[in-house]
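Below is one structure, written out as structure tokens, with a few remarks after it.
Per-chain residue numbering starts at 1, and chain names A, B, C, D, E and F are given in the order in which the chains are listed.
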Amino acid sequence: MDNKENLLVVSAHAADFVWRGGGTIAKYAKYANVSLVILSYGARGESNDLWKQDGQTLENVKSIRHSEIEAAAACLGVNNIEFWDFEDYHMTITPERMDRLVRKIREVKPQSILSHGPRDAFNPDHETVSKFVFDASVLSTSNGVRIEGYPTAKQAKLFGFEPHQSEISDFKPEVIIDITETYEQKVAAMNCFKAQQHLIKYYSAKAELRGNHARRCSGNNEYKYAEAFSRFFPYVGGEFV
Amino acid sequence: MDNKENLLVVSAHAADFVWRGGGTIAKYAKYANVSLVILSYGARGESNDLWKQDGQTLENVKSIRHSEIEAAAACLGVNNIEFWDFEDYHMTITPERMDRLVRKIREVKPQSILSHGPRDAFNPDHETVSKFVFDASVLSTSNGVRIEGYPTAKQAKLFGFEPHQSEISDFKPEVIIDITETYEQKVAAMNCFKAQQHLIKYYSAKAELRGNHARRCSGNNEYKYAEAFSRFFPYVGGEFV
Amino acid sequence: MDNKENLLVVSAHAADFVWRGGGTIAKYAKYANVSLVILSYGARGESNDLWKQDGQTLENVKSIRHSEIEAAAACLGVNNIEFWDFEDYHMTITPERMDRLVRKIREVKPQSILSHGPRDAFNPDHETVSKFVFDASVLSTSNGVRIEGYPTAKQAKLFGFEPHQSEISDFKPEVIIDITETYEQKVAAMNCFKAQQHLIKYYSAKAELRGNHARRCSGNNEYKYAEAFSRFFPYVGGEFV
Amino acid sequence: MDNKENLLVVSAHAADFVWRGGGTIAKYAKYANVSLVILSYGARGESNDLWKQDGQTLENVKSIRHSEIEAAAACLGVNNIEFWDFEDYHMTITPERMDRLVRKIREVKPQSILSHGPRDAFNPDHETVSKFVFDASVLSTSNGVRIEGYPTAKQAKLFGFEPHQSEISDFKPEVIIDITETYEQKVAAMNCFKAQQHLIKYYSAKAELRGNHARRCSGNNEYKYAEAFSRFFPYVGGEFV
Amino acid sequence: MDNKENLLVVSAHAADFVWRGGGTIAKYAKYANVSLVILSYGARGESNDLWKQDGQTLENVKSIRHSEIEAAAACLGVNNIEFWDFEDYHMTITPERMDRLVRKIREVKPQSILSHGPRDAFNPDHETVSKFVFDASVLSTSNGVRIEGYPTAKQAKLFGFEPHQSEISDFKPEVIIDITETYEQKVAAMNCFKAQQHLIKYYSAKAELRGNHARRCSGNNEYKYAEAFSRFFPYVGGEFV
Amino acid sequence: MDNKENLLVVSAHAADFVWRGGGTIAKYAKYANVSLVILSYGARGESNDLWKQDGQTLENVKSIRHSEIEAAAACLGVNNIEFWDFEDYHMTITPERMDRLVRKIREVKPQSILSHGPRDAFNPDHETVSKFVFDASVLSTSNGVRIEGYPTAKQAKLFGFEPHQSEISDFKPEVIIDITETYEQKVAAMNCFKAQQHLIKYYSAKAELRGNHARRCSGNNEYKYAEAFSRFFPYVGGEFV
């Protein structure tokens, strides 16, 4: 790996990273090292349409999702992907899984981690993963959490995806990222999940709305499409941004 | 004026800008145009010690405060100051005052405005000024608010000072600015207000605490002293910061 | 007036009632008495494009807005409109204006009032009107607030429009109204405000998103488009709804 | 089962459903199918008085509670009861228990579920059950959560009981149900728990207070007694209620 | 005046101090100096029943309220009362009124001030008075707010009445005062307002509920009746209370 | 044990009780029975500096921490200490651990318990312990939670330590304790943890800031140093404090 910035993306289910952060991830993929961890295939909770097929099996659902993810990631320019194959709905976190993520963070050494925010109405797994990622990021910096061969990492900045129903999930858009230049890539990636046309339409509309907010908050009319995120702790730096 | 960035600072009382933002203002003064508006001398609400003197008069209090402010601003490298001489405790906002601030914003064309945040326990004037500045910033962008010779400004980013008692004022440190390089200037500026030794001690301790938070949130151990601010609306930009 | 239900709509500026409640108002117009009060023409705060024209005058802006409102209201099936012609940006509430609205409420005897919710980032007038309407609704029920010829009204239910940027305005969608059957009317009404194409696009996308939420929260897939509102106090009734 | 509406009530301990929802349940029992699940007998956490008896045993406590519940449910007109006999204080949720409740929801196909709200000061079990019921309701709608013989249910509306100390449990009365017509039934049901006279008095007073609120919020003076509930997600429908 | 503690009570309308704080005030009246300021007679907003009488006049309403207040205060053991006769619904605060209250605070030198809390749904006057009292208490301590003959006071502790509908007013019971010993006095005082039987019943039920909470939070079973209050800023002292 | 008041302190890691409550504990140690439970040595999460030493072992880290705690407790006048030696980072709570703490509370019979508050950014263990202590305190009062030889305790008051970064942990200083008279003891206790000089500096500065707040909120200028705490439920008593 070279001197580029490192971004770690942790997605609870197969397609979360596309709907909620695809445009931003595509921007990072151009100049940074993007590492993507897919915790589950979302076979139980987010594959409703696939299960409508007679004789459907869990293995087949996972296999379809696997292909879709690889295709979608390719659209975004990401090829560093791990599939951890946790069961979803409900996802549970064991000490071994915690260790595994701590090790991953120490390996990637991310400046920023992108994952789920603390609240997500109608999606308990996302809340579980949010705490999982935050806790792992804290443990990754602690010298007393000894993992042979993996010295501590510096505290990464943490950003949270916008949940599907933002307001009832107490989501505040603290960071709005302009995705005008990668919006077409995001649309292509969303189209890898053909069975979910309603979500493609939904997240296209969302990108327009956030683009409108980006223009209003900044006065910059070049922003056409945007994605919103929460942040887990304050911005620290040398000047107002 | 040249191509540099413009920062507008609006201080409700004489010394607010020093205690709560002196280090950050000093940094901006090095490379940006800093315009400082002092709305009142704080003669009624923030000059307790001066009034202990027998035969003290309002004019004399204002005159002392005027000199102190000029000296403190000089320590921070700021010389573009206006004194609007509003009465304080309670400060009231009239339509004329609103027009005046709208005009000032359109004249300065600030990328960022620094003033008081929306809540400040024990200081009703600060809350009045917070709304005053926010409303004026919105009006300054509206084409229908016609002021001869002052075309509309772009929406400025707004940042709020940390109030004296942060938690009971519902303050969240959303932006923490490293002031290590200008901390000595801030100390010098604070010392221009000699009668208020307890505040000098207080804000020195605060700068250390915020420095500690800056290190913990960023993993960057070069941050020694810092100031914290709230922001009025989301960060918008091209990448995570 | 007959036995039908009465809905009073109070719009701070010319077009607020269309963007934020047009579909719902059109539904009510079919079977209820809808009374519409337009407090201001939004000449200063919400007519940016009109002011780009050379030699534009206040009277001309108001006249254009007046025609647009009448056309839009007609699209929604509403013809009971009053224009109170308050100045906007900033709107101020005097005792006379309070009396006037109390009298209006007592005259209309609304079961429901639809107006602005308590918070609206970037729009101070909306917050002023929200309090104005709420306070007037309380006064309208008090026997000691004597207005010759206008006996007290029963407490109306109050609903708040969704603000433009919902999350940073602390908006929670407490009531989601299906507008599938009147969506085309809303689109037609929005198109009466030709200069504001970006808002037409924005509120079309919003109606889709709220339709998605309506489906998810209810399991009813016939909901295509929806509008969201806040409510000022609890639902009271005979069963769960 | 016929075409009537289905209400599922999930009570953490023996008597929760009586104190907090008895009047409303009695109303539903008149025209809807009410299914009642009693998760525990509350033997450890809510049977203080029974344990004051010398030589008291767990089995005896459960047996007394069992009889009391059946008697109280009969007063409310409910006879469809299941006792799941979980240990209380602390109640724990296993994957098997989650499956069982998902299956129950798919069997009952409730339009509404009534259980505990998310926060309840001094009662950790209630918070556990709130999350348990919410999560199960989400899983019950997901096609990928396969249970042989139990196809998915539509998303039920969820309502939360008022906790004992409402304000410090962050409870907001979002839905107030008039129970004037069934209040006597509720009093009779409460009197089945003879050892808890102080609670009978407490919840009688509460019904009066909520009746007062119902009158004030609606202007309807026929409401004498009421019960308050929270709701887990927005109302969705065709008009303001 | 002797060495006893001073309590200042500021009541927006005629009877607020009785319903919401009568038991506590009666306790203070036994050993402290209680000063009571009645800002208005509540003639417009809180005298509904009196206005049902034909030919009722404002002067007559005020006169009746005046007598009732004096009788009620006597029941509580309070005889130091001032009637400021502000108009209510809406009450407005002028600079003169602010000066008057600052002067009153400096004259009384209260250790504690009891008045309305910051939020009160359905009662805008109470919110106005809450801010009025808080601001005046701050000004009363400031040396620069010069009032001939009235030197500054020490910062008083501020406590807020429980609003009528606590939860939708965001009220938290931070201080619960046992009023068992003065409950009968409170009942007597409430009965001085004969036309408001529903409120007597309401606040009697409330006192029982708060008594229950007092027992649960403290483990002290001698508390029969209680009143709840909010506090405006933290407890400061030498030990946990 | 005599008639003195009992204070139970539960510290998640080795030194938490010193940084966050040392001054207050020292005051109680003078006139009350103080029982201290150290749940873990903080070997994994709060011993960064010790692990910088080559060949460091877990046993050695624990041994050093053990000595430091005993020395620090002695500085505060506390000698009743238990070390429960849980693993930290992450700490987990089992039913056995819950029973153990319930038994401990029933043995100590504390009027007050001091432990961690519900939120602590960057420290998941503290949040776990907060819930652990609260739940155990509730169970300790329940007659049905049978532990041979340990009859129920009365509900203790619960107080929460100030977390390291107060605002982003949603901490509100509800109780501020003056520690002027024991501040030197606290400094001595802090100096027992020599490797953590930056924390000694941090918590000294904090004590000054809280002293300033104590003076401002009370008007009492004798308060030099203070510690802030949250409380878990309302104050109950006979008068305003």
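Here is the rule we go by: a contact is a pair of C-beta atoms (placed from the backbone, for glycine too) under 8 Å apart; a residue touches a chain by one contact, two chains touch by 3 or more.
These numbers were taken from a predicted model, which means no experiment stands behind them.
Chains that touch both chain A and chain E: B, C, D, F. When the CA atoms of chain C are superposed on chain E, the rotation angle comes to 120 degrees (nearest 5).
Summarising the inter-chain layout, the chain whose CA centre lies farthest from the centre of chain C is F. The greatest centre-to-centre gap from chain B, using C-alpha centroids, is found for D. In terms of their C-alpha centroids, the spacing between chain B and chain E amounts to 37 Å. Look at where the CA atoms of chain B average out and do the same for chain D: the two points lie 53 Å apart. Residues of chain C in contact with two or more other chains: 122, 165, 168, 172-173, 213, 216, 233-234. Of all possible chain pairs, those that touch are A-B, A-C, A-D, A-F, B-C, B-E, B-F, C-D, C-E, D-E, D-F, E-F.
Within the complex formed with chain A, the residues of chain C that make contact are 122, 164-168, 171-173, 198, 201-202, 205-206, 208-209, 212-213, 216. Residues 42-52, 61, 89-90, 121-124, 165, 168 of chain E are the ones that touch chain C when the two sit in their complex. Put simply, chain E touches chain B in their complex at residues 95, 98, 131, 134-135, 138-139, 142-146, 233-234. Across the interface of their complex, chain D is touched by residues 7, 24, 27-28, 112, 114, 141, 154-155, 157, 159, 172-178, 213-214, 216-220, 223, 226, 228-229, 233-241 of chain C.
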